[in-house]
């Protein structure tokens, strides 16, 4: 009798989540005695809401949004952090003359909201640029789902992920030298992405912890496999993509880029230093509705990681 | 008589009961862990309210003003009771606020965020909705007239009208953002597309609604196309056209808000909703929803008011 | 008014002119051709800048005619040329097996099924509400304001909650999407039907009173037949909206399959042509659905003795 | 279901003994008045109307256009609520009488449902009263024959001439054989020959079935020929100015009596009353 | 817009010399036939109708209900297309005559627009013909007075009695003073006194303005009293079975002539024709 686990992803089926699909496809979950359902996400899906409503056992989320939910009463706890590095960056057209972060002043910037805006806000706070449209700041647009604003010149810079949107810009005919990128990692405002979160009270149940331990371990096995066989992982993604819209070229590239962000040393165990850095960034983001107002307590746990045999 | 007397007695009693229940549910011993007894009390209140309301709506005071008052009371009390149930269930059962905040929390947030709400309202309703609504309804109307005037085009235009009938917001919104930029014009364009079809279909049906004898009269005056249109067919079509205006008044609001999910400057009701959802500030989300509901209802109410004045002769207004 | 009673609201046969050029093919063709011509011109104009920019970025010098040709052959145009959309449609409709996830027909079917279920639910709800409002004074006063308010609630904002709540009680798949579609489409039916059911003139109603006919009899024998012109326009609007609702409903269910998923994926990956193909799919579907309602309308009208127009 | 009773004419067998004795007042009106409230002021349609009609009477109402004849019939039929006065129909309130389906009403305009064929229109009340299909068909056939509309059963109202529509509406009211008939200018759009024919048929029917008939007409000869009592009304406000007994002309009348002196005398009195109700007297 | 001409009655001054000479045929019909195609087979509404009407005539049409009187008037008014035969109105085709606004049509049903007050309804043709506001008001007032509807100008059609609605529609047609009047049972819903009054008014108008009037009626005395020519029709298929000249009764008639032997002789002939057109002869 296999244990049932439902995982809610943060976004649509793509190589960003290859570890989970591979683990399912390759039977790693089954070997661990688990029956896993992978629910793809989308722009309209807030994983904390899903888990609070009982729609999932574990969710993939970015830490800022998970901590925001925690402050709002959904006690999410990070149990694993397969992604070590952030893939988020700001990509600008070189022709705009932007060379350094200081040049962003007065520019129109496309930003992802939905919980992903905090690193950006922290960065701007650090640079001393206002984001509310007042003089001496930057003009912020809520960027849609794609890179058109950059290509159509509606924005000078837009948010991109190293593994996704950046390549869409390249595919649109830009050469890398025609672009200027600012990685959040390099700007010191990176926050943790793609961690695994569960509801805090469930962790009191040893059976649940054991189940999650099996799940995390099997997922990690999936991630290892992705790192070694990115092309095959991309194929698996394509097989699982119900929309039939993904292209092989793009997913292969994405799998390869994802591999660069993964945690190889800690085997997905959250590094408290990364956590502290994320908290510091978020507390610096300021604004009138900060994502978190105080340092969260108990937002992560090594219980699951430690339970892995 | 009996029924209404019961209503007059029951209404204050039910109100008192509700007030007591509200007080009770917010006390720390009950909030989130209400027992069976509490729920039984709520069910009794429910029954009492139902009886009271149906009695109230049968009330026919002699005095005209009193009657108006009674007519107003029923929907207000009905709504108030719905809110009461919502509050009691959410608080009493301890529903997490990220799923469903309590009305009291929403109200508090609404009042606290008035400046933000006002800015969003101006951006979304005044700029996007109103302009899109006017253009979309006009376009649907004009295409219907053109199709009607030029029979050759009619058979070409109407199928094409059907064609654009279901262009989904989520499909056109990104395209409109690409074409018209991030600000309100792209949202207005989405609203135009959404409101076009209901107006087209209703105008076409309305223009076909005039009876034969009425037409013959115009014919006997050798009235031209436009004269017949203005003096006969449009008046007859008005009830249909107002149906479209009413349907569109709510559709336009939904369209504009949804369109803001696909790229916007950092203001607007849709923008606020989408970012607050991900911040789990569901109270703010519902404050925006409440704003949308209020604005939409007033908008609808105005359209309905104009309708009553313009189509007073329609049997639906003659009892 | 006695004159109203003499005639069903049907277009007066305008004598000779109505016979002229019977059949829709000719006029539709002319209008379509006009639109195609306009479309090509628009495509050239709107894509011009993008193409020119692309050539400049590539450092290539091109003649005007080459730019014109290129405007109709871009991978991510502002406005794809008609033939690009047609090619994409052919690729995804004809050249792909219907069972494949890359087939637009497959996705259209997914959307259609929730559209139809949603429409059925919405029509039921809409007409039940209309009947209640027309007959029960209490409900008219207390329900109508709330129905209107319900329609002003942005569906995309509460759709995730609906999905989560339904999901937590075990309802998944087609049904949640259909609920969203029903929620959107019941309103036009209610509005139209309330007007239609109250449209019989006083003398027609008096006749029923003299028979002391029951509410049900008055409904079936007078109100409903009299409401049909209104009802059918309501149904036409509603079925189109229910398609929109079904597509919108695909987002918070993870946009796994369906035209909405195609649109979203196309939008996410900036595949403009795919968006347009999916839009066309939706539009064709809508035309078919509206046409079916129109045919039903014509059949019913004929059986009720309407003059042929 | 709203109506409790099957109308008397539909009940098989003879009349139950419990019903009102013959010559009980079928319509009993005292001090009736009715005002229409309009935006530009009230219209006094009926004022202080007194009227008794006993069972089996044939009462014609005659009066200038707009004097309140239709309104009076509508009040009796519970289609209009009076502002004052008392009214009883068959001993109960008009609304109870309506619910009991005590009467059949022929409106001034045909009021046919445009989506029903003529036959279906005639069968409408029968459907509502729950008669079987066979019974409905038999009755509608008989009535359509009576009004000379055979062969038009399958037509829709707009395919009929004005007079034919009116006849269809007569057939519809007669089809369920109500004990009390309220007829508002039923023969207005018919030519003399058909009219004479239907007058005779109606008289036969009345004599045979002992119906009570309230009959609005503009034709003085028609009123005198048909009625046992003629009510002359006058407008603004609508009131009764003369009630003429014509029962002495007998129940079985031939068209020829229209030449007799008694007939002409009554007709003259009606005409005088009518003239008095008019403002111009040229 | 559509119509090119202002109707003759609206043109100021005397008639232009170019118009047809007096006694030119206003309506000229030869071998006219019309069949309504219905789902259950054709209805032969008119068959082989020949008719000449010269200017200034007052022609009544009488015949059993459904014999095609309305249809014939509608053909003349270009509201119905015949299947065969020739028809000229004022020397041109009915459609040209219609576009020239040569006639006014009073329909069998009032056909008032419910969103217009009575006055606005009467002014409708005047608006369409482009008359000034003052002129419109003056004319509508005059016509409403004629049909005795003063004081009801601001009412809406549904606030009027059946007869009042019909009178409003008469006022509407008279308001623009057309040279050719097509009247389809205009006085059907009016009582004898009003009817007599309007008959006299109509006759006066006819005599004064030399209009041509085509008048459908069911009343034999009315037909004889008004007409210079009486056309008797018979149904299935609709055809003319008798054309009776009554011009020898003179142009200026008093109500009293209804007792004269000539009058009664003509009436008798009409009645005979009418009876012949009916299937039953009791």
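Lettered A, B, C, D and E in written order, each chain numbered from 1.
Just so it is clear, a contact is a pair of C-beta atoms (placed from the backbone, for glycine too) under 8 Å apart; a residue touches a chain by one contact, two chains touch by 3 or more.
As the structure is a computational prediction, the values presented were derived from the model and not from experiment.
Across B-C and B-E, the chain pair carrying more C-beta contacts is B-C.
Chain centres were defined as the mean of their Cα atoms; on that basis the chain farthest from chain E turns out to be A. Chain C and chain D have Cα centroids separated by 51 Å.
Taking each chain's centre as the average of its CA atoms, chain B and chain D sit 48 Å apart. A straight line joining the Cα centres of chain A and chain C is 36 Å long.
Under the contact definition stated at the top, the residues of chain B that touch 2 or more other chains are 99, 174, 178, 212-214, 261-262, 274, 277, 318. Among the residues of chain E, those touching two or more other chains are numbered 109, 111, 114, 158.
Across the assembly, chain A contributes residues 43-44, 46, 49, 52-53, 144-146, 148, 152 that each touch 2 or more other chains.
Of all residues in chain C, those touching chain B in their complex are 3-4, 6-7, 9-12, 14, 17-18, 20-21, 23-24, 26-32, 35, 46, 78-79, 137-138, 141-146, 148-158, 160-161, 164-165, 184, 187-188, 191-192, 194-195, 198-202, 229-230, 232-234, 236-237, 240-241, 243-244, 247-248, 251, 259-260, 263-264, 267, 272, 275, 278-279, 282-287, 289-291, 307, 309.
The part of chain D that touches chain E in the complex is made up of residues 36, 38-40, 43, 62-66, 69-70, 108-109, 148, 154-155, 159-164, 167, 184-185, 188-195, 197, 200, 218-220, 271, 274-275, 277-280, 282.
Every residue of chain C that touches chain A in the complex is listed here, in rising order: 50, 53-54, 57-58, 75-76, 78, 100-103, 106-107, 156, 159-161, 163-165, 167-168, 251-252, 254-257, 261-262, 264-271, 274. Those residues of chain C that touch chain D in the shared complex are 2, 5-8, 203-204, 206-217, 221-222, 225-226, 228, 304-305, 307.
Interface residues of chain E, counted against chain B in their complex, comprise 1-3, 74, 77-79, 98-101, 103-105, 107, 109, 111, 113-115, 124-125, 127-129, 156, 158.
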